[in-house]
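Below are structures written as structure tokens.
The same chain A turns up in both complexes below, where it pairs with chain B and then with chain C.
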Partner chain A sequence: MKKIQLIVSLLFVSVVNAQSLTDGQLRGSIEIDAQTYRHDSLIGAPAVPEKMGLNSFAQLDYTNGKISAGIRYEAYENALQGYDARYNGQGIANKYLRFADSTIDVTVGDFYEQFGSGLILRSYWQYQLGVDNSIDGVRLKYNICKGISVKGVIGHQRYYWGEGAGIVRGVDGEINLNELIPHWDTIKTKIILGGSFVSNYQVPDNTTYNVPGNVGATAGRISINNGGFSFYSEYAYKINDPSVVNNYIYKPGQAFLLRTGYSTKGFSFSVSGESMDNMSFKSDRTATKNDLDINYLPTLPRDETYQLAQIYPYATQPNGEMGVDAELRYTLPKESVLGGKYGTELDAEVSAINALDTTNLNDLNTNRLGYSVNYFGVNSEIYFNNTTIELKHKFSPKFRMILQYVDEAYNKDVIQQEVGYQIVHCNIGIFDGYYRIASSNTLHFEFQELLTKQDQGNWAFGMAEMNFGSNWFAGLLDEYNYGNPIANQQIHYYTITGGYTKNALRVSLGYGKTRSGILCVGGVCRQIPASDGFSLSLTESF
Partner chain B sequence: MKGAYKIIGAGILMIAAASCDKITNPIIATTKYSALPNTPPDHVTHTTDSTITKVLLEDYMGHFCTNCPAAVSAAENILKSPVGNQVVSMEVNVGFDADTAGEVGAPLVPPGLPDTAYKVNYITPAGTAWDNTLVNSINEGVPQGMVNRIYYDGNWSEDLQYSNWGTVVDSIAATPQLASITMADSCWIKQQIFGTQVTVALKNAPAPNYSYYLQMVLVEDSVLDWQTSGSTTIQYFVHRFVLRSAINGPWGDAINFQSANLPITKYYTFNSASFRYNNAAITTPPAVPARLFNMAHCYVIAFLYQRSNGGTHDYYVLQSQILHL
Partner chain C sequence: MRQYRIAIALLFCGAYLCAYSQDMKGNKVPAVAIKTMNGILSNTSKFSNNGKPMVIDFWATWCVPCIMELNAIADKYDYWQKETGVKMIIVSVDTVHNTTTVSSFVKNKGWRYDVYLDPDKSFQEAMKVMDTPCTFVVDGSGKIVWMHNSYNEGDEDKVFEELKKITAK
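Presenting the complex of A and B:
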């Protein structure tokens, strides 16, 4: 590993030396996030021996003509609470060298790649989640002719400061019919077909089961666009892949994804559906959580951004789920009765995700297929139901607001792997306003309330944030669990924050309490433990 | 261009054809007591107390660790306490402080000690795997410990300071039994082998999305060997229930529970050229050197734990059991 890092570092230096720096372009970004920790048994903030944590990285990318190279240095001293402590330490986490022209594109080192929507391969870095499943190896992209391209990857995935046990290999091909077929480039309907195959090899070393060394998965996809109409569908199949995640069953995995919609000025409508069955695909059969995921299972519901709407976020269930999502957006025209002077935006979204309709085969001592699935049936077990209605309205050049209402049913036992909560029903109301006091002073304020008779009961949230001039800002927020059935848990989680921004630089300092929970981005989640202390954040890019 | 098509097409077909292993017979066949002698065993022992909650206490330590004797004392005090019969204790040697003398990077041996001091390697692959996944002694240092591998916080969430062991043991020992483990050991001294029959059952129905594993390990009690204690070195420190080897790998065997109270029986054998036998009273120097395993002091520990794909219930030990060979 260190040898590879050295070689790539030397190559990087060679590239920089071989051609004048002024001929190329150097880009970079830096982020530092630090937090102090104070033991607070009331909110469940643990005693952290080192008293503080720090996550940081610096990314440098240099491009000169067809050659590019980059490195990313990361330091976790120690990792912030909620991030896996196996990140503790520092070093070069990512390095690559790339050659790309109009025909061929070769990368050696660490790279990120996605086939289709990621159902059988997606390597990505999500700093906020602590997810980095980059592939350390070789990637080749080749444009065979106009309209046909293929790419192949091979390598080991990043596993904190080491590498996963499996060797990931994959190929993906894409055909753009409008580019390939003569005269189709002028027709309005655009069609792209794609197919991919990914395989992982891991030594079959289980003493109880005959586990497969090579696990393969394949997928096919089609994309059709015509003006405002769009259609995308993908199907994936994975051969027997017994693992800790699926309790070592040998049932093949399947996933089906469909997205279609229509949009025009001021109006859009989309419908999505999906079915996932036993589709966890990792490069180590003993890995759990977000470790060593080869694929990515997209989630249907939106990523919530408001504080109380994030209390019950959805996490994709790789072992099985079936869901639909529909969203309608409409802008009431300006100067109309309901649209007002500036127009009004309406957004309504409905999501429903249930368990698969399965039948237990009771064959764990023989074939270990585990269960059968009726893909045309609907299991009554709810995982997640969400209805969100949002209204955005601008009253004047000085004042605009967003109103949101959320009705949600959340299977906490399944989604958060807890016991005894079952379905949590909640209603959330949100008011989000912006008032411009002067040309360089805007007050941003939010009021939110979550009502539920279950789990931790009702919550209220208030926030006020003000910017002073174009550079400075300060804010105060309080999240209050006033409905907690346990009296001493009716806690105010307050935070005071302030900071400075200039161009791409943003520095902020805060102090406050954070409730425990989970943070999800795109259906991928991590635990957030309760904390009490100061936080410092810095981001810069150039 | 046609050549490029052929090469790429052939490459894709080659990868696709070579990269899938279809398994038709998932379970590896095992034969009951296949490796054991046909002669009657020298000893047969049975568990008699499978109806109480038994808590697993793991003490992660090293012979160069200055504070580890205090943790060993804490574990001994728990074993002597009113809930002592509900505790299965184990010393797990890990990391830098468990390196052997003279090893590159190992702590330096104080001058004047014999060449044999700190030379026994107690580090095991299983202990190292548990440490790397659950304890993180490389950053947290030793002594560290776990009680039933219970979850505490977000980072290396299961490790626990020895000053807190007693409280946690007491609280878990008072909870209802989650599973039962009964064992029978048969030991052949001359052949340096033993066999274990283990029967496990869940008290409640298996939880959805959870998987269950049975871990079997061999420990040796009263191992007399070097140990640093503060600024002094002790030549014959009494190490208690030292992990010698995992019998079924670092993470055990998956157990496929179908329902509550439905017992499942597994069979294990273990042999080692390091086995000796001396059941005389403990003396200094010991009759069997620490580098060898005295079967008369050996025990088999079994514990049943669960996996939940992350979360606060992952790795939690439902029940433990210990049986003298």
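Presenting the complex of A and C:
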């Protein structure tokens, strides 16, 4: 507590003197999200005793020359439904002091960091998901010479209003060959190499298993670019890390990523592949869900933008998965027969993610390695198959549209950890239109339909949103589960919303019903319970 | 504890009013190390355009209004440059694993913007960007003179108006 008060005091002194320090800059941001809750047994909205929830934060950063400091105050009174109740309360969630010049960058306090793709270290804050695994400790970044940089971190991760049990230590180095080697800065091929090592120490206090106190992970990566060609690959290895997530098996973890592609104006093609095996890496072996993740396992499919396509989003499976993804983009030129006056954009993406090809070793009473993996085999168990085709066309300066078709197979049992759904097959059609009525009035409208014979059956979605001038907006949307096999579950989830936006200020007020489901960002997800009530959102920065 | 919370609340209110009264748009672009698409580190405080204005736009490949805005500006970019000498700097907040996607996306679009990657969102946080798209107009001395969140059809014309105001001075 003394440390916090000291930093806050330092910041306060800086702020008070801000006007007298010509180079000092003060920046801040505020967000408030509130929701009222009405019990609605039909949609499954629970009775919430406090009747409303509120998530909010205010961030303040002060920079003067090479020194910067900041704090973030968070308040959850109580946390919105779907966020972990352990956030309930308020206080300073993040504070730091930093010195940075062109050679050295030192941070003391809470910070976010990522090595490579994050396969062995990524601390980040995703407010929408309720994820904050910041590291409270010390970070040092050092540019040894042009083309070579290293960074090191040490500290404990945030765990709601406390800190995780483990001490996270990590180093990362990166070499940009084109900057390092004389005369290579002019050659067309750009090559970057990187490597990192991360270790977590937690007292080995498990009474059942002989667990390692130190768990180490290492990763190497390479990036090559030449004109329109790009290539990125990363491999990570983690030693045995028995934990609740992997049922205390002693098998080492591995992850492999590969992305390559070619692009030129009007055309691009990319292919990605990945294999993840037992790569959950947390700073507490008893942690579950999104708690205390040291690393981040990226997902191949893109984040879905449209409402009905978000009903079945993919979540990365840390215990194991193997997948490929290919995407083709092509622009039919302007003033051509098919492209029309303004050109037409086509986009096709195919993703296939299956379980790893494993063999159960039946050794849970002996070595506890759990299973072996054939990395060159393909397991027939589908996790996620998706084909998306999108067409964008502008008809005139007033009217443009996006058409999208999605064919999806979704293993709901695995991805949402449910029982009895197995593979849900669905087809989704989307029409997204923008019509400019006047110079600053635009009507945005969407029609979507999801067809499936499984789970909750067919859905339809309609939305109309109007912008009045440059500051005001109002919208009405309805998500209708018309194909639900249970007659009284054929429900309209309607929402009416309106708001005001100017510069960095955005205020919106809504009323309506929200269906239950999961929200995913980059393969990391949280549950969204059904709700019925008013919502208020305010964001501002300065 | 109650006094402590009140002090924090007052601190934020005071800081906000202090900053607001000084004109929030007078700040310089903060110094953050971000990378180009070729992986070269660059300090954002060194963004410059020989005394002419710049537009800094935060976007992502999955953000539909972001793409609409950047496409709309691309159609008018030649005229904007001729009239104001502006340089467009676009900062992708896609996660690291999408780096190759950003590169191919931009090349496919044929955008002639300076492209930077901010996968850990350090520049986004330093600029207090709450959502994408978020557009900043920066004058020739490196000071932020205008900013706007979100995008509706025609909003790019407001950006151009701000650019003309700067260059008319």
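Just so it is clear, the second predicted complex is superposed on the first by the 521 of 542 C-alpha atoms of A that agree within 3 Å, B and C clash if a C-alpha of one lies under 4 Å from a C-alpha of the other, contacts with A are read in each partner's own complex, and residues count from 1 in each chain.
FYI, a residue touches a chain if its C-beta (ideal position, glycine included) is under 8 Å from a C-beta of that chain, and two chains touch if they have at least 3 such contacts.
Please read these numbers as outputs of a predicted model, since none were measured by experiment.
The superposition on chain A brings chain B alongside chain C with room for both. When the two complexes are laid over each other on chain A, the CA centres of chain B and chain C sit 140 degrees apart as seen from the CA centre of chain A, to the nearest 10. Of the two partner chains placed by the overlay, neither chain B nor chain C lies in contact with A:Gly499. Contacts of A:Gly213 after superposition on the shared chain: chain B is touched, whereas chain C is not. Touch criterion not met for A:Gly109: it reaches neither chain B nor chain C.
After overlaying the two complexes on the shared chain, residue contacts for A:Gly130 are found with neither chain B nor chain C.
Of the two partner chains placed around the shared chain by superposition, chain B is the only one that A:Ala79 touches, whereas chain C remains out of contact. Looking at the shared chain after the overlay, A:Val245 reaches chain B, while chain C stays out of its contact range. Of the two partner chains placed around the shared chain by superposition, neither chain B nor chain C is touched by A:Pro301. Ranking chain B and chain C by residues of chain A touched puts C first. Across the superposed structures, the minimum distance from chain B to chain C, using CA atoms, reads 14 Å.
Within chain A, not a single residue is touched by chain B in the first complex and by chain C in the second.
Within the complex formed with chain A, the residues of chain C that make contact are 5, 8-9, 11-12, 14-16, 18-20, 22, 24, 27-28, 30-31, 33, 37-41, 43, 61-62, 64, 68, 95-97, 99-101, 103-105, 107-110, 119-122, 125-131, 134, 147-150, 152-155, 157-158.
For chain B in complex with chain A, the touching residues are 1, 4-5, 8, 11-12, 15-16, 18-23, 25-28, 136, 139-140, 152-156, 207, 209, 211, 248-249, 251, 253-254, 256, 258, 307-314. For chain A in complex with chain B, the touching residues are 46, 48-49, 78-79, 81-86, 88, 142, 144-145, 150, 152, 169, 171, 173, 197, 199, 201, 204, 206-216, 218, 239-240, 242, 244-245, 247-248, 250, 286, 288-289, 319, 362, 364-368, 414, 416-419, 527-529. The touching residues of chain A, counted against chain C in their complex, run 8, 12, 15, 18-19, 25-31, 58-61, 63, 73, 90-92, 100, 102, 105, 112-114, 116-118, 124, 141, 143, 149, 176, 178-179, 190, 192, 223, 225, 228, 230-232, 257, 259-270, 272, 298, 302-303, 305, 327, 329, 331, 400, 402, 432, 434, 436, 439-440, 442, 467, 470, 501, 503-504, 506, 522, 539-542.
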